[in-house]
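Here the chain labels run A, B, C, D and E in written order, and each chain numbers its own residues starting at 1.
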Amino acid sequence: MTVGLAHYLFVSAVLFSLGVVGVMVRRNAIIIFMSIELMLNAVNLTFVAFGRFHHTLDGQLFVFFVMVVAAAEAVVGLAIIISVFRLRESVDVDRMNLFKW
Amino acid sequence: MDTAFPLFLMLLFAGGLAGAMLAMGEFIGPKRLTSIKLEPFECGSTPIGPGRQRFNVKFYLVAMLFIIFDVEVVFLYPWAVIFRDLGVFGLVEMACFIFILAAALVYVWKRGALEWE
Amino acid sequence: MSYIWLILLLPALGVIINGFFARWVGRRGVSWIGPGVVGLAFLVACRAFFDIWALPADGRLVEEVFYTWIGSGRFTVEMALQIDPLSVVMMLVVTGVGFLIHVYSVGYMHDDPGYTRYFTYLNLFTLSMLVLVSANNFLLMFIGWEAVGLCSYLLIGFWFERDSAANAGMKAFIVNRIGDFGFLVGMMLIFVTFGTLDFTEVFHAAPGALALGGPTATLIALLLFVGAVGKSAQIPLYVWLPDAMEGPTPVSALIHAATMVTAGVYMLARCSALYVLAPFALAVVATVGVATALFAATIGLVQNDIKRVLAYSTVSQLGYMFTACGVGAFGAAIFHLMMHAFFKALLFLGAGSVIHGMGGEQDIQKMGALRRHMPVTHVTFLIASLAIAGIFPFAGFFSKDEILFSAFASGHYGVWAVAVFTAFLTAFYMFRLHFLIFHGTSRVDREMARHIHESPRVMTRPLAVLAVLSAVGGFVGIPIIYGGNKIGAFLAPALAHTEAHAPHAGVGTELGLMAFSLAVAAVGIALAWRWYLARPEVPGRIAQRYRTLYRLLLNKYFVDEIYDDLVVRPARVGSEAVYQRFDLRVIDGAVNGAGALVRSFASAIRVYQTGYVRNYALSILVGVVLVMAYYLWL
Amino acid sequence: MNVAAINISLGGIGPLLILSATALVVLAIDCFWPSERRSHLAYVTVAGCLVALGATWRLWGAQEAVFGRMIIVDNYSTFFTGIFIVGTTITTLLSIGYTSRMGIDRAEYYALLLFATVGMIMMAQGLNLITIFLGLETLSISLYILAGIQRQRAASIEASLKYFLLGAFSSAFFLYGVALTYGATGSLDLEHITRAVGETTFASKPLLLIGVGLMLIGFGFKVATVPFHVWTPDVYEGAPTSVTAFMSVGAKAAGFGAFVRVFSISLQPLSPDWTHLLWLLAVATMVVGNVMAIAQTNIKRLLAYSSIAHAGYVVVAMVAASALGTSSVLFYLLVYTFMNLGAFGVVLVLGRQDEEVLAIDDFAGLGRRAPALAAAMALFMFALAGIPPTAGFVGKFYIFSAAVQGGFVGLAVIGVLASLVSVYYYFRVVVVMYFMEPAGEIPLAPRSAPATVALVIAAAATLALGLFPSPFITAASRSLVAVLF
Amino acid sequence: MAAVAFYLVSAVAIACAALVIFQPNVVYSALFLIGTLLALAGLFLLLNAQFIAIVHIIVYVGAIMVLFLFVIMLLDLGRDPAGTEQLPYQRGLGIGLGVLFLAELALMVSFGGGLAGAPEGPLPAAFGYTEVLGRMLFTTYLFPFEATSILLFVAAIGAVVLGKRRG
């Protein structure tokens, strides 16, 4: 059975949902950040898949820019996580509820 | 898909070879583990301190800057392929891009993020 | 007529000078500028009055456009004034009575620390009232409406160190806001049906666009009426007026007697073209009006605080004006409004002068036989009481009789009967008040009696002027004799007429009615005289016999208590419960009632804001899933 | 190589270039000629903003898609660019005194403000979803850093982490939405999308609907509508106050700029589908925003919830998808910028050395101790509550009349009720200032001239827009004409 | 043949992704993420996106994951500390909603997956190769290209401001 667009969309949907669950379930900031990266990658796959079936390259270029953005976001995100670690000696997200209601 | 197939084959072959060698060492050779053999090897001198000691902070700062300039290089690859028929326009375009990132480098350098000691 | 802008500019100037440059102008300067500015405005109003009168009967409408305030596509709102008989009369009342009260305040507030602040607020109030009265579209009127509410909040809570004053101010503002809500929604409905908010355009298009007695017409009329009820303290939104007595007495005179509370009546008269198309709404107005009149009058019977009695009397008289509107006699309502402004302002100022003389004492049970100490106040107070009771030559007789007659002529016999009975009660409680203060045995305690003194001339002179107006004012609208009702003829072009008014009863019946209402008033006065002067122990015995009725009236039918139980206590209990269970800090809001209810709901939601990042991510995911489900279902 | 085809127009991105150049200059000055006092950097920033504002003014009336249809320069984007630059200028002026007190007056602070504004302009000018996405990310990343710029304070870093994680999380959803929309319509260009959506034979409707829904989430987060508003109170309270002011004004306006461009203008044929959803969003946002604000005792959290409520009012205008509705969005955001910056400005000016005046009760008795400041705050509170003569009233009236004209009378009534509730907590601040005795000593910061200038501008604008709004309203509606028809 | 490759690679990708999330050791999570990324690169190759696949490996695996591992080493995280779960319902609800979200996406894919109007027939020449992408990147997508330089500059500022200790 030839591999259609739906298959790729389904794979990226699964990866995306796994990323979402990762953000929900894990308490470690870095793992949460990795799950977000996973979600971004799932989106990249969707873009390339749609590009392939539309025979246009816009999708792939968008992926190109998403990667650049993800890189910049990784730099800033990890810098924040490290400065949090320096202050709190932990990256456990639940330890950070300075602002009650 | 057709031009990429040999590439795929070559990848497979390389991976397979390295994997095979490791696997053979694992399954064929004799296994007599003694406490001395399990010690982390530190060029002959007796190991001191925990195996995994904390990295110094300045390393990750360099890793961060590496990402930024690595992405910059990635932009250069496609440019290198077609800069001949882009002509002067391509040159000006890339000049701006490089100028801004050079400014970033100067900024980072002046801010002392690159000092090593 | 381009000078008309002066009428707004002058009070505005007063506000700026008193407000910001009080230090340079000094106390004396302020006491000249405050009243002076309003006096000049009064002169401008007179000039406008004569100019309008000179115009032919049907052309008496001048619009003065200043600039377009909101203009986008076909929806435009101008900052413009509309000068027609109705607005000119109101301007005269606001500036005239206002001027007298400003002069009076110079004396009354003489040694008050917030002197300049008081005059700034008073000028600001006059400005807002003039904006409300002279606006040519609903939006500008609404702005005046809000500003007036704001000024009453500031003036009631003038002595804000006193908790009761601050609370009364907040209460007045909130209740007004509730009324304003109805007004705003009504305004939007008008905007939807007519596409414009300009009075002239709306009232010309009204007969065509709105079916007689149709749902939209009635809905608009009722919503606007809700605004009027809030502002003019009718049932059920009258609770704030008696508490508003916390403010200085001249404030009560100006705002809670002469001008602001009448804004509701003015708005009804202005929108008479709409109300004419909604007979059901008119019926509601009439019933609410007469019910309020009766209800307030009964409470007034037993109050012992001089200002509370006058406050309930104001609510009752406003009920009269709404009844007049309800039966379609908008002219009579405005006529009574004008007369009421004169004698009620006089009553309040008189009461102020009594309180001033008695060193702040307000309980009439500790007064008596003051006529020897304060002759001028006594005479002016007597004239005003006669006027409000509706005795022949005085102002109240003509205006109240006009209302009773139009009620009777237009077939509202039930309304007429209740109104007449209320007239009897009015006469009774007014003269009970008068006799207890000025006549009978002096119940004033020893050292107080020594320094009772007549108020200084700056206070008594305005009393005198108002007394003359209360006496002579009525002749402006003498019924029956042709051309006698000058005020009616003058107002006619600006007000729409209901057909119900058509069956003009014969002259005979009108004379008969006048005699009957005069008799009723006389009986009321006689009864008050007998009970409080001739045999002072009688009221005590009656109070014993009808103890329950007496207690009921004394506690104002427990309305405040009912409101407390209905709204405040459950809210407080609710928030207490929330507090106990979730152990959150209790929020110290200044407003009771609605505020507490909303706060308990707010603290319930707060728990949701836990501070855990993952919780936030979860709530975002919930949002996502819902949005997706919505679209999949689509 | 048809270079001409992609229509390079440096004029079109004039403001963008000027602001980036200013940022580079500011950093260069601080790197090569470091000096102890850093307020001169702020003045350079303000100068740059003014030049950029001039360039924007020249752009008014231009109507062309430049840079290979990536950017569209029209009245709509120019109006928004104006709002952003004004917001940044006032924030810079306000933060001069504040940053030096708080020890964050570094060159990077001003550079990041400028880069954030560049991101906003990209979002407003974006005709292609890539530009909007890049603008969104530049803005977000600059704000993540700005929120966490006060490293030694746990609150600031924690706020930055929360903002970062949740920001990245929702921009992933936004991206997924863009991907699906691209899949359904085959193009990333907003005008192509409109044409594709318009065709009746549009088969992959469900794909597009899900894509639009996910984009709504991305925008919903950025603009802080309920239920995506949860991050706002914590981040607003944690971040330094001047950054909070900037976020509450700039980021929100940029969010709406792109939101309206994509939904009301580009996905106009699809409006029956997303209008009802926006209707629910608007009601929820207004109710929760106002009600939660009541229970606040910290002025920053109160202003946070109030900014959520105001987002709700703007969404009401979006529900009335008529030209009047969309132009009322533009006008309201302009008014909101001045009102909110004014309110935050007063909070910024109070407070001595490094402890700020944040509890509402600390405002007690301000009426007597600093009458001018208290009067300004009262004006801003009245404006936010929507009391007449102030611009807030005109803005709200304009929005509610648009909603009523669009047939959403119910929504308008709920809006009026919500603002009735809002009167309570805005007035509470005024009451505390005027009618309460000052408990402790209110730390009054030394009067910093630029902050006073900024407050005067904000107050004057709030009043002027209230009394003479028509020129701005016609400008707002004219910026719609070009886009819609 | 391509179908088998697709199923194999996507299976690897999904398995590694699941392991990233559900196994406690942080370092292993990072390694599994690298596995997922490589599998994705394989998928890109299957979709004729050769240049993107290579860039993906260089940027993501080469740079970003390196930084992740650096940070994990720096913070010496090892196993994720068990610790009491502050939010009891968080785990259950998280997974539940995740699955629900997946179901919605799956429904959408099956429902609207068959993309109407997609041009059939052979791909345009050199689809997905560097020079075609490069030409597009440096002409039509000129503005985003310059915008990324601004973005990277901001990232550099961020790294210095947040990363560097008060020097």
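Keep in mind that, in the parts below, a residue touches a chain if its C-beta (ideal position, glycine included) is under 8 Å from a C-beta of that chain, and two chains touch if they have at least 3 such contacts.
What you see is a predicted model; the values in this text were computed from it and never measured.
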What's the fewest number of moves from chain A to chain C, given that each move must go to a chain touching the current one?
-> 1
Please give the intersection of the contact partners of chain B with those of chain C.
-> A, D, E
Of all chain pairs, the one with the most contacts is A-E
Using mean Cα positions as chain centres, tell me which chain lies farthest from chain E.
-> C
Taking each chain's centre as the average of its Cα atoms, which is closest to the average over all protein Cα atoms shown?
-> D
Cα centroid separation between chain A and chain E, in whole Å?
-> 6
Approximate Å spacing (C-alpha centroids) for the pair chain A, chain D | 26
From the C-alpha centre of chain B to that of chain E, how far is it in Å?
-> 18
Quick one: chain D and chain E, Cα centre-to-centre, how many Å?
-> 31
Of all residues in chain D, the ones touching two or more other chains | 1, 3, 27, 130, 134, 137, 141, 144-145, 148, 151, 161-162, 165, 169, 180, 183, 186, 206, 210, 233-234, 295
Listed in rising order, chain A residues that touch 2 or more other chains are 9, 16, 19-20, 23-24, 27, 49-50, 54, 61, 65, 67-69, 71-72, 74-76, 78-83, 93-94, 96, 98-99, 101
Where chain E touches two or more other chains simultaneously, the residues are 2, 46, 48, 51, 55, 59, 63-64, 67, 71, 74, 86-87, 90, 93-94, 97-98, 101, 104-105, 108, 113, 115, 133, 137, 141-142, 144, 148, 150-163
State which pairs of chains touch, listing all of them.
-> A-B, A-C, A-D, A-E, B-D, B-E, C-D, C-E, D-E
Using the touch definition up top, name the residues of chain E that touch chain B in the complex.
-> 2, 45-46, 48, 50-51, 55, 58-59, 62-64, 66-67, 70-71, 73-74, 76, 78, 130-131, 133-135, 137-138, 142, 145-146, 148-150, 152-153, 155-157, 159-160, 163-165, 167
In the complex, chain E residues that touch chain A = 2-3, 6, 10, 13-14, 17-18, 20-22, 26, 29-30, 33, 36-37, 40, 43-44, 46-49, 51-52, 55-56, 59-60, 63-64, 67-68, 71-72, 74-75, 77, 80-81, 83, 85-87, 90-91, 93-95, 97-99, 101-102, 105-106, 109-110, 113-115, 118-119, 123-124, 127-128, 132-133, 136-137, 141, 144, 148, 151-152, 154-156, 158-159, 161-163
List of chain D residues in touch with chain A within their complex | 129-130, 133-134, 137, 141, 144-145, 148, 151, 154-155, 157-162, 164-165, 168-169, 172, 175-176, 178-180, 182-183, 186-188, 233-234, 237-238, 295
Under the touch definition given earlier, write down the residues of chain B that touch chain A in their complex.
-> 57, 60, 64, 67-68, 70-71
Complex contacts: residues of chain B adjacent to chain D = 85-87, 89, 100, 103, 106-107, 110-111
